[in-house]
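The letters A, B, C and D name the chains in turn, as written, and every chain counts its residues from 1.
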Amino acid sequence: MKKLNIALIGYGFMGRTHSNAFRQSSKFFDLQYEPVLKCVCARDAAKAQAFADNWGYEGIETDWRKLIERKDIDVIDIAAPNNVHADIAIAAAKAGKMILCEKPLSMDGPQGKKMVAAVEKAGVPNSVWYNYRRVPAVTLAKKLIDEGRLGRIFHYRAKFLQDWTINPELPQGGAGLWRLDVKVAGSGVTGDLLAHCIDTAIWLNGGVEKVNAMTETFVKERKHSLSGKVEKVGIDDACAFLARFKNGSLATFESTRYARGHKALYTLEINGEHASIAWDLHDLHRLQWFDHKDEGQVRGWRNLHISDSDHPYMKHWWVPGLQIGYEHTFTHQFADFVKSLEKNDPCSPSFREALETQYICDAVLKSGKTGRWEKVTNVK
Amino acid sequence: MKKLNIALIGYGFMGRTHSNAFRQSSKFFDLQYEPVLKCVCARDAAKAQAFADNWGYEGIETDWRKLIERKDIDVIDIAAPNNVHADIAIAAAKAGKMILCEKPLSMDGPQGKKMVAAVEKAGVPNSVWYNYRRVPAVTLAKKLIDEGRLGRIFHYRAKFLQDWTINPELPQGGAGLWRLDVKVAGSGVTGDLLAHCIDTAIWLNGGVEKVNAMTETFVKERKHSLSGKVEKVGIDDACAFLARFKNGSLATFESTRYARGHKALYTLEINGEHASIAWDLHDLHRLQWFDHKDEGQVRGWRNLHISDSDHPYMKHWWVPGLQIGYEHTFTHQFADFVKSLEKNDPCSPSFREALETQYICDAVLKSGKTGRWEKVTNVK
Amino acid sequence: MKKLNIALIGYGFMGRTHSNAFRQSSKFFDLQYEPVLKCVCARDAAKAQAFADNWGYEGIETDWRKLIERKDIDVIDIAAPNNVHADIAIAAAKAGKMILCEKPLSMDGPQGKKMVAAVEKAGVPNSVWYNYRRVPAVTLAKKLIDEGRLGRIFHYRAKFLQDWTINPELPQGGAGLWRLDVKVAGSGVTGDLLAHCIDTAIWLNGGVEKVNAMTETFVKERKHSLSGKVEKVGIDDACAFLARFKNGSLATFESTRYARGHKALYTLEINGEHASIAWDLHDLHRLQWFDHKDEGQVRGWRNLHISDSDHPYMKHWWVPGLQIGYEHTFTHQFADFVKSLEKNDPCSPSFREALETQYICDAVLKSGKTGRWEKVTNVK
Amino acid sequence: MKKLNIALIGYGFMGRTHSNAFRQSSKFFDLQYEPVLKCVCARDAAKAQAFADNWGYEGIETDWRKLIERKDIDVIDIAAPNNVHADIAIAAAKAGKMILCEKPLSMDGPQGKKMVAAVEKAGVPNSVWYNYRRVPAVTLAKKLIDEGRLGRIFHYRAKFLQDWTINPELPQGGAGLWRLDVKVAGSGVTGDLLAHCIDTAIWLNGGVEKVNAMTETFVKERKHSLSGKVEKVGIDDACAFLARFKNGSLATFESTRYARGHKALYTLEINGEHASIAWDLHDLHRLQWFDHKDEGQVRGWRNLHISDSDHPYMKHWWVPGLQIGYEHTFTHQFADFVKSLEKNDPCSPSFREALETQYICDAVLKSGKTGRWEKVTNVK
């Protein structure tokens, strides 16, 4: 079995999900590469070491530039905050490393475009961790749509609702809270949550032509964890937008961190001429399926428990009726990445695919300011 | 349009549901008989008059024997407590009246047998208000089963859970509380709630061969509303039983008034070789349907919203997506009763059919005492 | 008991719901006026007569102008298509009649303004049948919001999804299909479905400042039932809009008749600082309630079964656990209308309140064309 | 960090869940022992080696007796079929090994008693993998009950429904199908599925006094995978029983492999004087909670999403809103086992606690034959 030497940059929440994926993938999927947890990189050496000890990384680095120079690393996995994705990725590409990058790809489209150029010029395998594509229920939705079962698509709707920032005393910035700091995160719910919704949407329903958005920052000022000062909040606390897909379908998207009662309620629904699909992250192991071809008197939404061996990814886990959880989506993505190496195929979503989401986010944020429909920049 | 002169005995909860059914049926169903609310009968003249005024009954009686003698009455509707069903029904039959009787038919099987004999000897139309047969979702279940879609039946399970008697200070007996008084009600949850479960079960799944029951009275003594004294409680507060149907299927039944959080949670499920059905009174307008013939990857429980015009009874009401409620089941039953008169057919469930439920209840209560399997007496 | 002589104009779906409400209200609510079904008015005398016979109207008229001249009519109930609401209502007001008008109030805001002026000049009681305010679950939501339990409101979202016009062979115009004919209906889903969503929203969450909409007509041409010719479709098949309420909250609204699998899926959700509420017409007897004040480990969405006597309207119906249906909302509204007469109070929503919805619809339709945020005209 | 050398016997479904638990526990929980995957033991050397290679076991054995003699093994983990549990466990105890045993403990009570005697005589740590105790939702239920929030308990009900053996062509015996072979499994659904229900029940609700059961074997003969002959089926395909707990509460239990539409539908509900709890394995990350103390108008079942840091075990995983899956329950159990070693405490359920379940199963199977109430043997 060939070795695949991995270096992880960042040790936060996403560092954990990725590390778990590296460890679990080869136990449940039949892979030709054995991932080796070579190194974890972070500025705080003590924390990096503790993380390495826990997850079994062989060593640590405190400077990602040094890491990239190392010959014994095959894959650079970027799990650091958004504002450093580009520098790392471009340098890693130049160094000929394969690159896995946590979403969103970049701070904005133009930056992402440079990243795409870098990886494509270098010809290195690359993928972005839009993990929800690999929820088995969502993967099944993709399959059903691709089989043409829905017919013409009329509507797409998605939302991602949270409630963790309602408290105005919550500070912004620093460990665990950098998502509230616009300089580090780039944007608020748009890049953090809507990016997920958009990635799934373009995967399932194709490109977006234009958008019309409304954004809001409910809490205007928050203390900054690092400066200790009350600073203006630059992120969008909430964002909703209308969209028109290239296939003629209409869409609504919404995200907020002010929806009391919802922790991570990512829901999506797609309505076609013949059938409809709905899914909800709070019960990610279920898919709702409505097929108009069913006989009238027994026609209704089918509540699919995605745990059977004929469901995507599920034969690798347990037995029918037994559900998997959130972290498995990362394991699936890493297993697929390894398989893509075996076949010398791209691993979806590539940086290029993820750039499309970036351009949509840009148009959304722009429309939030102009109050008008904004065209989405074409990736090519 | 022919007139159908109706006299109602009793003005409680069931008096209201029946009166509503008489009034509504001809507005929503195309019937050849016009129900005329001729008379309401109760011992308390003032209350009877108030009830008559509200619902539009032409007059009142305070003695049901006089009522039965009246020539201008076609139908006697018994909505009085259980302990007077038999006397009234037998007298009404002798007087040649059609009879509608609130469930349960009688205090026990032997008494019910006399009632059956009386109506059959007199040759009068008769029916018992087991209204849940006419919930459209339940009627659809019957249709699907009769079409053979389930194949061999393996399991039946039903329960009826309430929580209104947990408070030990609640008295027994008297208006609104006669269901707690064994002398008036005959039994507790067995005759009140399990009788409903049993009636539906034998309708859907055929006869019961034998039962094995457990009964309990959690609160042993309660003040009696009429005597004012603390008296022993004679009813069963809870009853669960195992059963074997004649078709070889196994069943569990349970009812209680001590299931905190449930008001009228009547649920049923039937599992066949090919398909399964589940239903729940708290959402009576829905039916759960699972068909193993569905393609594997999109096989799941279908949540049917029983509001389409191809669902039983529903074309008579509103438009798809709009639900009906509890009282409509009585309207359906009365409409069916009128149609049965038009066709000179029996109206299910007849006294004879309801007697079967009575015998099962008898076996259940007996088994609750003996702790053994008890055979169910055959109706014929 | 005083008589309240009612004349109904129109005998379609809404004619039935209103007639049922007139009949049922006094049976379940304690009212000082007895509604008398005096007359039904429609151009087709035979159909009007059949309707009158079924529902017990004393007579018929074929010309609404004659009807309005009659001295024996107290209330004119308008259940005719949208394009005749204004003429009838203005004439009825001049004749001093009380007026009940099916929603939407008018074809557009300016027309509605004249109607408001007419009824207010005449000083006649008036109300519009926005029946969903009287779903007990929705009424409870209003109560909880008014009690301040939600705190500052951040988000409102509503949608009304149907799927009955997906078939392009479905004609437009004529009986049962006038909702597809823009000349009769005024608009498509905006006036038909979003008007409901908007009415509830402004009742629960106050006025709307501005909107930004997207509209679409998926099927561009349909045969017209009356002309027999294929004609351009003028209505909006789908409409989604963003909105900002005057209280600072953000909203998304969406409606379509192209959402496969949904018959009448009107859902609403409101997220406040302390609590959230959600409701769904397909299970109208339930309300979802989330209260952040609940202890953390047992905090979750409460699924309320709105059937208890302490829930709005429910003590008038059956016992806890037993649900009511769609038509009851009209009965509640009529009972409330009669009570408003007793107290000489306005009955919500008045024409003036319904005009606000009309102005919002106008802004939505305008924005659908301009692609910009449009301010909502103030009612006063 | 101290090493804990583990040997696994068996490489089937449970071998995988245990191996995963060993690997994952120290990554997510702060443990003082590091589990070392020392050896996997199975008769088929090639398969054992493949399993070892996949999961990272250092070596293999093909004879469990040799394994037990090895000095470098601390823990014997029994994941082999039921009929070898006793021999292995007793020998391992004599050799002073710690023992983890897959459920059910034994083929029957008397055999289990010997196992208990062996481990207690040897004084070795021991635990049985009744993993559902460590579903966070179930653990929370235990906590709520222990805090006295339910008050007096009236009812307990549990069922475990599957549908995988409906096909009569399915053979019995051999790899993956030994659960159908009574000589290897001991019983059918009683030992396989009801044992889970019973273990949870006695944990949550205390001891069972007596039971009254009904068992059935729907398919009487099946081909045996090993002999190749059609042989009589000795297991119970379905079993339902009534029970009385020592605390006076009434219970119903049911299990079957013939409930079309259910894969692993383990549900439980407990009704107390003040509150009720319900749970369902198909959505194992949710708990239903009803508290009668809630204010009447907003009282309802709370649907708890067990993913917050104040829920049992959950702070070790991801962030609120993100669910875990089935295998995590084993990880929790192993983490708890390690912690019990650290504290020198027993790890629930011990062999002794698991013996109680065994005695209840014995009484159930006996009652299935006698048709009477059978007392449960006391563990001591």
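Simple rule for what comes next: a residue touches a chain if its C-beta (ideal position, glycine included) is under 8 Å from a C-beta of that chain, and two chains touch if they have at least 3 such contacts.
Bear in mind that the values here come from a model prediction, so they are computed numbers and not experimental data.
Between B-C and C-D, more C-beta contact pairs are found at B-C. Distance between chain centres (mean CA atoms), chain C to chain D: 55 Å. With centres defined as mean CA coordinates, chain C is found 36 Å away from chain B. Looking at chain D, one finds that residues 262, 301, 305, 308 touch two or more other chains. If the chains shown are joined wherever they touch, the resulting network links each chain directly to all the rest. Those residues of chain A lying in contact with chain D across their complex are 13, 17, 19-20, 23, 26-27, 54-55, 162, 164, 262-265, 281-286, 305, 307-308, 317-328. Residues of chain D that touch chain B in their complex: 150, 154-155, 157, 159, 161, 163, 166, 212-214, 216, 218, 238, 240-242, 244, 250, 252, 254, 256, 258-262, 271-276, 290, 292, 301, 371-373. Residues of chain A touching chain B in their complex: 140, 143-144, 289, 291, 294, 296-305, 308, 310-311.
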